[in-house]
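Shared between the two complexes below is subunit A, which pairs with subunit B and subunit C, respectively.
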Partner chain A sequence: MSSRVVVTGAGVISSIGAGADDFERGLYAGTTGVGPSQLFGEGATTAEVRDFAPQNWLGPKGLRVLDRSARLVCVSSHMALCEAGLSQADAAEGDPGLGLICGTMFGSLHSITSFDWSGLTEGPNLVNPMAFPNTVINSPAGHAAIKHKLRGVNSTICAGLASGLYAMHYAAEFLRFGRAKALLAGGVEELCEESFLGFRKMGAASASGSIRPFAADRDGSVLGDGSALWMLETEDAACARGLRPVLEVGGFGSAHDAHSTSAFDVRADGATSAIRQALAASEIGPEQIACIISGASGSRAGDLMEARALRNVFGDLLGGIPVSAPKAAFGEGLGVSGAFCALAGGLALHRQSAPPTAGYKESEFGLRLSAEAQPFQGKHVLINAFGCDGNNAALVLNLRT
Partner chain B sequence: MKRVAITGLGLITPIGAGRKVFWERLLAGTSGIATVASFDSSVFPVHLGAEVKEFDPKQFVRRGKLEEMGRGSQLAIAAARMSIEDSGIEISSYDSGRVGVSMGTTSGEPRLVERYNDVRKAEGLEAIPGDFLPQYPCNVIPSNIAVEFGLHGPCMMIPTACAAGNYAIGYGYDLIRTGRADLMLAGGADAFSRITYQGFSRLGAIAPERCQPFDKNRKGMVPGEGAAVLILEPLEDARARGAKIYAEVLGYGVSCDSHHMTAAHPKGDGAIRAMAMALEGSKKTTADVDYISAHGTGTPTNDRVESIAVRTLFGDRAGKVPMSSIKSMLGHTMGAASAIEAVACSLALDTGVIPPTVNYETPDPECDLDYVPNYARTTNPRVVLNNAYAFGGNNASLCLARYEA
Partner chain C sequence: MNVTAEDIRTEVKRLIAEVTERTPEEISDTALFQDELGVDSLMAMEVMVAVDKKYKINIPEEEFAKIKNVDDTVAVVQRYLGEAA
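== the complex of A and B ==
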């Protein structure tokens, strides 16, 4: 069994587009999903999925009981299954080798808060029991399993902003161990009033309502939401199905700062270590990275930390490597952001072109960012996902030729 | 692939804290179930809970600030500290980048949600404090452990509800055997909350008088809380440092029913596949299994389905393999449950004694296995399976074995 794990499908729903093609167009057009909120109204700014109509993909049945996260992940898994040719819509029974690994940071926060609020305001004996299953953190993955007949491993992975990358690595390991045939892997995060309010209260929201990664005048992030999943398989399994996948999940690195659960460690030790581990696991040196997909989202300390980590690892090479900070487009998606960035990295490798950083004007750190797409030649892209909760992860993607 | 040893056991449960107290009381059939104390249960039709009593987090949380973390994190840190002490390791002697944390939970920090809503009701949304969100991320429990003990390795929460402990221990095992970590703190934690209680109450799942897994007259489960953390390390390292080895992790299996969010598959499809996958990965067969730690919540359906699943997979041998549910004493400690049960399995392998299912009186024709009724038994098991099932149709079985030098 080959230990190579490849991408055979993608599903994504975000503020810049629904479906891999739409997402790619939005990303490379340099547009941003940051704008007026439909969820919160009153001049609120978000990068949420707007005009979300899950019935367009899932049909009208069975949607009522699903919360926003579950709807998002049901849609993205539908897309990825179809693109990979593994939809089981017509099968009587699902394949036990097909599963889902879903990253998230705040999970069911809104469903659990609403369930408790309902008890507080209406009385605990009048609460709708059908709402209880949605309070558990793994409920979106469970709903997607039922909807799409996914009988294999069904794990939810929480590692802060690194959740999406952790989930992809976890899935890749399960495939290498032969515990599954094909796994959807990525993340989901829903915007809700609790996270929106909490983000503002903790001082992380951009006062100006824009994301300016690495800019000297950056003033915080704008929350986004959505879901992004890849279908992952071993290269042997994919080739046996007649596919010729070109995108491989390479080395992964992770490190916790063990410094704080709410503040970036600007010394960047953890972030530096995560990148170095990912390169080492890929058996490549920093000079072989042709493009960097940054997780920067306009945080004063977070962007500084990532810039330092990049400088630590790449040194003088850094000026020559195109960097993209796509959260300027799809917002700070928290637990899904790593998966969004991974999809952006996959597109970059395919197109040999780093996506534009929407609205980019200048960087404080001498990084090669641009408001335009930046062509490159190379086989390896680095994806970063670092968070103020202390989790840091990095993933290398390889182009198979 | 490296072999993986369990060399430290730390836990805090409704029947007591620490390996020694826990095991003595468990074998004696002690119950941790009582009338709910942490909130007024008079509004509910049921009143039983399995809470951790007399917990003083200050004894365990030294580096982190208590006022900056929820009860789930406090319980988890307590279990982690006891486990580290039990293992005899000096964390500072390790490369901290190669020491990781893998935890499971159902609800994470639900009491923060309660506080959010209490503040919202009393003072309005603008009064929500700034520290609410940073204390809530689903991964905050393992992050708090990492901060407390200065651990820089892989750090994640696998919140696969009531099977989460097994998922987390399983992933910790994966990280050790593949050489990605030198030491893993793996387990589960959950804090008692009115939210969970309200949910199970509305589902009509809570037992009114006592928890009687597999008994014909069983009437439900009892929500509980707790935490357990196991120290996992390469067997060769454990041997080299002369460590006490409680058990060896042989493998695990996971599956999804893909059937219903709360109800188990009627034929135990996913449960059977999880056990089979665990045995296959462990290079064992049903003939090797000497004891099963049941999920055994005490609800009519769950216990019947688990019995059917074991009967289907084990065939004629099913009734000969003792299978007990310690939830009869501990209640259902949610995401901590399978981690606490993994501790019990480790101790059963180490001491040769298997814990009982208490409150077992009337056999149920639909549950026709040996449930180790009411009294602990010395059987000297060599290979055990630890079953755990969860909302979302998640199933996880962990296979552990006695270590023989």
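== the complex of A and C ==
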């Protein structure tokens, strides 16, 4: 039996588009989702999902008790299940072979804070019991399982900005071991006042309100939110269903800097190691990477760290490899960002064209970025997700021919 | 607090309608919360907490099990309002 794991569907909701087609259009048009916030008022700049209306996908019932994260991941799961032809909407019981692996960073932070706030201001006896289940970090994944009858493995992975890629790898391993039939994998992150204020206080927010990855005048990041999931299956299972998937999840690498909980390690040891592991696990050399999807988000130290890691691994090859930094479009999505970038990498491989980096002018690191799409020929794309919490992950995607 | 039975009835129907995602008009005085309206224990507790908050009373949890419909709820709230007065 083949242990290859392939992509048979995608669901995404983001500031640049809802649904894989919209996301692709927005990304390749070079548009950005960075703009005035609806959540915090026009004075604030975010890359949030605007005019979010989950009932458009989920119907009007059953939304009341879901927090924003749960709504986002229920929508992206719905999309991915439908695209893969695995929706359980008409099934009485649901499928024990279907599961969800969800990455997130702050998860339920806002639900926890709201519950606490209510206890403090109204008294511990008057907290809303229906709001309590939402305070656990795996409640969004649980709600998605209930809504879509996913009776298989259900796990939430919390690994900072690398969460989305960790989730995809974890799901791929589950499938390779034959322990599931089909798994949704990716991430979700909701933008909330708590993360927004914390991010700003830490000095990570862009003062100018724009993301300029790798630029000399970059001044920080802009938070985004949303959810992105792939439907993953073994190639055998997908082919048995009559599908001809072209996208394969390749090697994965991860390393913790063990340096700080809030500052990038600019020596880039962890990031370098993560990329090298991903290439080794894919049994390919750096010269076979045709395109790089960077996790750079305009952070002074973070972008420097990633540029160093890329230089360490690719050396003189680097100037010839198209690089895309799509967070300029969908913002710094924290726990979902790896999954957003993986979807962008999948599109790049499929179209043989690196997505534009929105608003890009010049890199101070000699990287081949562009405000236009960059065509390439090749079978392997590298996705990076590095975080200031020390978590670093890299994933290779392969094109099946 | 000067609250009529009809005030309480309107409020309880509004709350039950909210947790069961119906309109208040769909909630009859005698429809069984659990068997007819699909109210589970957590939903029932949410309604009771909201009622406690609204009328500044404290209905003990052991009362919950005895409450089967809107009529029962109105009677319990009136009883505890009387005790609070």
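Note that the second predicted complex is superposed on the first by the 400 of 401 C-alpha atoms of A that agree within 3 Å, B and C clash if a C-alpha of one lies under 4 Å from a C-alpha of the other, contacts with A are read in each partner's own complex, and residues count from 1 in each chain.
Rule of thumb we're sticking to: contacts are C-beta pairs under 8 Å (C-beta built on N, C-alpha and C of every residue); 3 or more make two chains touch, one makes a residue touch a chain.
These figures come from a predicted structure and were not determined experimentally.
Clash-free side-by-side placement of subunit B and subunit C is the outcome of superposition onto subunit A. Once the two complexes are laid over each other on the shared chain, residue contacts for A:368 go to neither subunit B nor subunit C.
When the two structures are aligned on the shared chain, A:142 is found in touch with subunit B, with no touch to subunit C. Contacts of A:241 after superposition on the shared chain: neither subunit B nor subunit C is touched. In the superposed pair of complexes, A:311 makes contact with neither subunit B nor subunit C.
Looking at the shared chain after the overlay, A:64 reaches subunit C, while subunit B stays out of its contact range.
Once the two complexes are laid over each other on the shared chain, residue contacts for A:122 go to subunit C alone; subunit B is not touched. Annotation for subunit A, partner touching more residues between subunit B and subunit C: B. Of the two partner chains placed by the overlay, neither subunit B nor subunit C lies in contact with A:181.
Of the two partner chains, neither subunit B nor subunit C is touched by A:276.
Note on the composite model: angle subunit B-subunit A-subunit C, taken at the C-alpha centres, equals 60°, rounded to the nearest 10. Superposition on the common chain places the nearest Cα atoms of subunit B and subunit C 7 Å from each other.
Applying the stated touch rule to the two superposed structures, the overlap between the subunit B and subunit C interfaces on subunit A comprises residues 125, 127-129, 133. Looking at the complex, you find that subunit B touches subunit A at residues 43-45, 68-69, 96-97, 100-101, 105-108, 110, 113-114, 116-118, 120-121, 125, 128-140, 143-144, 146-147, 149-161, 167, 171, 174, 178, 194-195, 198-203, 254-262, 269-270, 273, 277, 281, 390-394.
Subunit A contributes residues 94, 96, 99-100, 104-107, 109, 112-113, 115-117, 119-121, 123-125, 127-129, 132-133, 135-139, 141-143, 145-146, 149-160, 163, 166, 170, 173, 177, 179, 193-195, 197-199, 201-203, 254-262, 269-270, 273, 335, 388-391 to its touches with subunit B in the complex. Of all the residues in subunit A, the ones that touch subunit C in their complex are 60-62, 64, 122, 125-130, 133. Of all residues in subunit C, only 18-19, 21, 42-43, 45-46, 49-50, 52-53, 58 touch subunit A in the complex they form.
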